[in-house]
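Have a look at the structure that comes next, please.
All chains are identified by letter, namely A, B, C, D, E and F, in their written order; residue positions are counted from 1 within each chain.
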Amino acid sequence: MSRIDGRTPDQLRPVTIQRGWSKHAEGSVLISFGDTKVFCTASVTEGVPRWRKGSGEGWVTAEYSMLPRSTNTRGDREAVRGKIGGRTHEISRLIGRSLRAVIDFKALGENTIVLDCDVLQADGGTRTAAITGAYVALADAITWAQGKKLVKHGRQPLTGTVSAVSVGIVDGVPLLDLCYEEDVRAETDMNVVCTGDGRFVEVQGTAEAEPFARDELNALLDLAVTGCTTLDAAQREALAATL
Amino acid sequence: MSRIDGRTPDQLRPVTIQRGWSKHAEGSVLISFGDTKVFCTASVTEGVPRWRKGSGEGWVTAEYSMLPRSTNTRGDREAVRGKIGGRTHEISRLIGRSLRAVIDFKALGENTIVLDCDVLQADGGTRTAAITGAYVALADAITWAQGKKLVKHGRQPLTGTVSAVSVGIVDGVPLLDLCYEEDVRAETDMNVVCTGDGRFVEVQGTAEAEPFARDELNALLDLAVTGCTTLDAAQREALAATL
Amino acid sequence: MSRIDGRTPDQLRPVTIQRGWSKHAEGSVLISFGDTKVFCTASVTEGVPRWRKGSGEGWVTAEYSMLPRSTNTRGDREAVRGKIGGRTHEISRLIGRSLRAVIDFKALGENTIVLDCDVLQADGGTRTAAITGAYVALADAITWAQGKKLVKHGRQPLTGTVSAVSVGIVDGVPLLDLCYEEDVRAETDMNVVCTGDGRFVEVQGTAEAEPFARDELNALLDLAVTGCTTLDAAQREALAATL
Amino acid sequence: MSRIDGRTPDQLRPVTIQRGWSKHAEGSVLISFGDTKVFCTASVTEGVPRWRKGSGEGWVTAEYSMLPRSTNTRGDREAVRGKIGGRTHEISRLIGRSLRAVIDFKALGENTIVLDCDVLQADGGTRTAAITGAYVALADAITWAQGKKLVKHGRQPLTGTVSAVSVGIVDGVPLLDLCYEEDVRAETDMNVVCTGDGRFVEVQGTAEAEPFARDELNALLDLAVTGCTTLDAAQREALAATL
Amino acid sequence: MSRIDGRTPDQLRPVTIQRGWSKHAEGSVLISFGDTKVFCTASVTEGVPRWRKGSGEGWVTAEYSMLPRSTNTRGDREAVRGKIGGRTHEISRLIGRSLRAVIDFKALGENTIVLDCDVLQADGGTRTAAITGAYVALADAITWAQGKKLVKHGRQPLTGTVSAVSVGIVDGVPLLDLCYEEDVRAETDMNVVCTGDGRFVEVQGTAEAEPFARDELNALLDLAVTGCTTLDAAQREALAATL
Amino acid sequence: MSRIDGRTPDQLRPVTIQRGWSKHAEGSVLISFGDTKVFCTASVTEGVPRWRKGSGEGWVTAEYSMLPRSTNTRGDREAVRGKIGGRTHEISRLIGRSLRAVIDFKALGENTIVLDCDVLQADGGTRTAAITGAYVALADAITWAQGKKLVKHGRQPLTGTVSAVSVGIVDGVPLLDLCYEEDVRAETDMNVVCTGDGRFVEVQGTAEAEPFARDELNALLDLAVTGCTTLDAAQREALAATL
């Protein structure tokens, strides 16, 4: 069986990771998963939110948003509607949790890093591209903070790597990294966030049409782990280059 | 090993399901999972949201909320703060999706059922208790709608049963149905929504401290399926009684 | 003349006051006036709002809300609409003022007590049931604060008791404690808040259809005082029991 | 005993009612009760709110607001804070109810009249001045609507007159028409809305310091009726003049 | 050519400036440009916004608003809609910038002056009337602050005078001080804020129908400077009178 | 005198205009004025806002926004704060007016085009870059609409071209196209929107420090016209290329 765009079921779309895409941010990445493009910036500020003051620990959080015409038909701006929608909230929280899973807050010290993930163009998998790109921006921001001595000598706030991919069952076949058209037709849709050593940070599976069985769940997890392994390599390669 | 409240790792807290707790709602349930108490009402209205008009299909949605003092320390009212928080949004959406998984919208016809799940007292597992209780309220509301001829003769909008439970790893041990104290200490926390025939509607696993391995995920899923089987029986028993 | 539910004009509906309905709150009551059920919790926190800091005086405030399906047809959640409605504001303020009328703020010290009154089921008289129940929750919270030494030895913040009841003229007849059907048909509607010694804390009379004459006002006040005397006894009886 | 401003206990402040203060509004009044000045406009539009369409009946509603520097210290604008406060809501509703008490909605036909009452300068009694002035603006707007044939020939939507005054107990003495300084010191504060024939539309009494006894309530009501009689005469005189 | 109201092209409408229109505000003015009436108050408070603390410099800001029925058809209240509209924001910012142009913040010291400009009746040119009137209220407020020793001896925070006027091209003819009917028909509309010495603080020209040429721009600027010279004289005359 | 970045006073920064930057939008442009980068999309929808229905005329509007980290220090998201700020409102309105100045609404027919201008990186002049880029996106969207027969044969909705540039006086010298550092230091700041034939659509000059004299204004307008002539050529060149 061949997919809409000619991929095999276990094949990712072409992934590109461009670092240093902003002259202002301490870390910045334009990541693409095929036609999905997300602009991720990491902003470092000294100090932490009030509830964490004096703890000696830092904080990492994220905000996700879609530009109004990142999608096929224009959506209203949430700023104009005056409130953040449920989906936006949910994805922002997911990105934040995913990145916090690989942070040693003691090592970060009382600094805050905010990851802004703005979708410039959407074609499925925006949240997984956001997590994968935000990790790279976060790594660059931490290197910057180390250079500025905001993070103390000899400490490494990053405890691992993290990437994410979507998987789903379309016409009964488990597929890796769904594009929008596949996502719409998926019976089951799952987003999986993995660390570089193959463990799970988040597993979010949803039956869109039919409930899914245990063996389907297993097949999807297998695909996702494979995908994250490839994304992990792409992140390492991007970070290995000189900025 | 014994748990905080003396349960075995694979033991649910005592579950009670009281139907008919409201004189106004078409379906209503006060459900408790131990000290967690959620009041679920199902409200039937003729007609559907604008985007669904003329489709011949119905709609089911849910709203979740915690009373300000349902928790150990009082939380601000979202109505007073003027916006719904991210967690509330996320859980409302989860409840709605879970119930829609067992609805045949054609059979429901152009009717809308809103499930309101208000947490009167919280001790962990409020979203899973809400789903489990809301299913019973939904079933009663559908029976009511059939009696009122809103749903056509010979059609059954409910295509299955659905319940939910939380599982997590605490001190390295997989546990079923976490109470609040366990939830706070859990390394991994997962909410699982199952149909009565043992398939999955939602699987949401989050590493709170450490990423989790595949075998840990499997152990948690096993526990969850066991728990949902028991909850499914409790729902059937509750619905078998005369209202 | 007999009323819809068989009561005499000067008869209250059955009143029940269940204390200790929440395991978390410092004071909690489920009160019912017939089919009207309000869940009242009292939350004690050390400290006072900014504008009162350093005064040596405490603060008592209240928030009232109706669950969306507490009424015959479902109402929108105020949190979802993003703002508190005028009626909710008005009743919250009334409850707060009524309870503050029997508080010695110096004796309370710099502590704040918030009364949350959430209507689980509405059948007329929700604000008066809320005041009557909230008083009992408040009394329990103060006892708790005394036990915790938040309130200094030998001081009694409660200076009296307070209860409330609705009265109205229906078909020309003054009636005590209107249920919803009576309330809708009332020509005049009045809510009266009394202390245990028969004085007034609030008198709010509204002509719904026809302006009312002085003698009608007097007849309504007579009824209200009678009703509050009975409610005062019910409060005392509830508080006399062991929690 | 003499009052702060030299009045006797049963004396109103000087009342002025200037009609036609706006070139745009169908009815408009600048009313002053001493230093309290309220600008009241009545706006007529054909048609009624959605929930009243097809009823053949009209609608009257009101919005009250204080300019930010109408008070001694500047208050935040509610538009800037993004929400209407509880007190504003409460007073807007009170004004609306008071005016609706003297309207025959059938005679008004499907027209809506909105009364805007904006406090230009506050010195106590703003809500009672607003009601008293809004009545005059409303009367002029109805005359305008009759001239435009929006109201059918031979019908009189106004069924009576309405005015309002505050009363209160200060240092144990019942006083009529409290200015701000008296209002702040009042033990009991009451706002009374009367029709021209001496009946009550609204009675809102609040114990600010001490609960009040029945005889105090009676003394206050006596004063209020006297005051409204005088205000009624001032309204008639204003309306008798050529606009 | 004669204008709608009989003026010559370079003629202002009658201007009146009444000082001391509020008993509470430190400076207050009711200004009229023909039928446009704006009530301007200046409120002085010690201290400055957080971002300016410790700078030794003061702050001046403004808020503009239209009463709902200041216009020909009633507009919704921004407080009720829960947000400030774009036009209101824009004009508030313009007024604030215009007044800050003639303030020496060092001389003002750490004091804040807020100008509230509320349009009671609108007939074109509300923003220019607001600036012109607010300047006078500001001058009175500064005199007050000097009297209270909030502003140090020998310092003059006002560095000049400022006034504003609208100009526009109607049917090809440049006109000064447009009334509403002219404004609606204008091909080009410009608001000009000048200091008393004939220099510019703000120039905001907008092509409403056709782009405008350089010579048209010049003709409009000539008219505006003439108008501001007259307004400057009116301000001086008003301020010369005893308050 | 040499500028911060080595330009002469009348020199623009390097301008790039990349068309077709979005696969979804009917017109899309990434424009840069030096380090200022704005992503402009044009979205075409059939139909017009309610107030324009049945007029036979179309509508063009714009929304401007800055990504949170487009600036040197991260700004809060307006969607998170729940309201659009005054500056955002003002610039959105300016962009919309500027583009409407070159549209024949009759020729456009009842279609709406929304221009979204999202600042990816800011270094001064974001609003002028937005207008200049949005014009190109608008032109592409109109071509698209003509291809889809949404715009009738033989009609050209675009009546001209429009571009914009900032000018200002820094250290007494009039400069073209200010970068951020220059903008901050400018005594006078002006944004000018011109049509391709050298006429003005908008002129917005603001004295930031000192009021400006007529000859300064003239010098700035001269510079701006020169700049817009160059931008007009860049737009034509970009549109002449095959998409």
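Here is the rule we go by: contacts are C-beta pairs under 8 Å (C-beta built on N, C-alpha and C of every residue); 3 or more make two chains touch, one makes a residue touch a chain.
Composition by chain, UniProt nomenclature: A, B, C, D, E, F = Ribonuclease PH.
Since the structure is predicted, the reported quantities are computational estimates derived from the model, not experimental observations.
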item	value
Neighbouring chains shared between chain B (Ribonuclease PH) and chain F (Ribonuclease PH), ordered by label	A
Contact-graph distance - origin chain B (Ribonuclease PH), target chain E (Ribonuclease PH)	3
Chain separated most widely from chain A (Ribonuclease PH), comparing mean CA positions	D
CA centroid of chain D (Ribonuclease PH) to CA centroid of chain E (Ribonuclease PH), Å	33
Whole-Å gap separating chain A (Ribonuclease PH) and chain D (Ribonuclease PH), where each centre is the average of the chain's CA atoms	59
Chain centre separation (chain C (Ribonuclease PH), chain D (Ribonuclease PH); CA means) in Å	28
Shared-contact residues (touching 2 or more other chains) in chain E (Ribonuclease PH)	82-84
Chain ring listed from chain B (Ribonuclease PH), with chain C (Ribonuclease PH) in second place	B, C, D, E, F, A
Residue ranges of chain B (Ribonuclease PH) touching chain A (Ribonuclease PH) (in the complex, touch as defined)	83-87, 89-90, 92-93, 97, 101, 160, 190, 194-195, 197-207, 210-214, 217, 221
Contacting residues of chain D (Ribonuclease PH) [partner chain E (Ribonuclease PH), same complex]	22-25, 28, 35, 39, 41, 43, 45, 63, 65, 67-74, 77-80, 82-84, 88, 114, 116, 118, 120-123
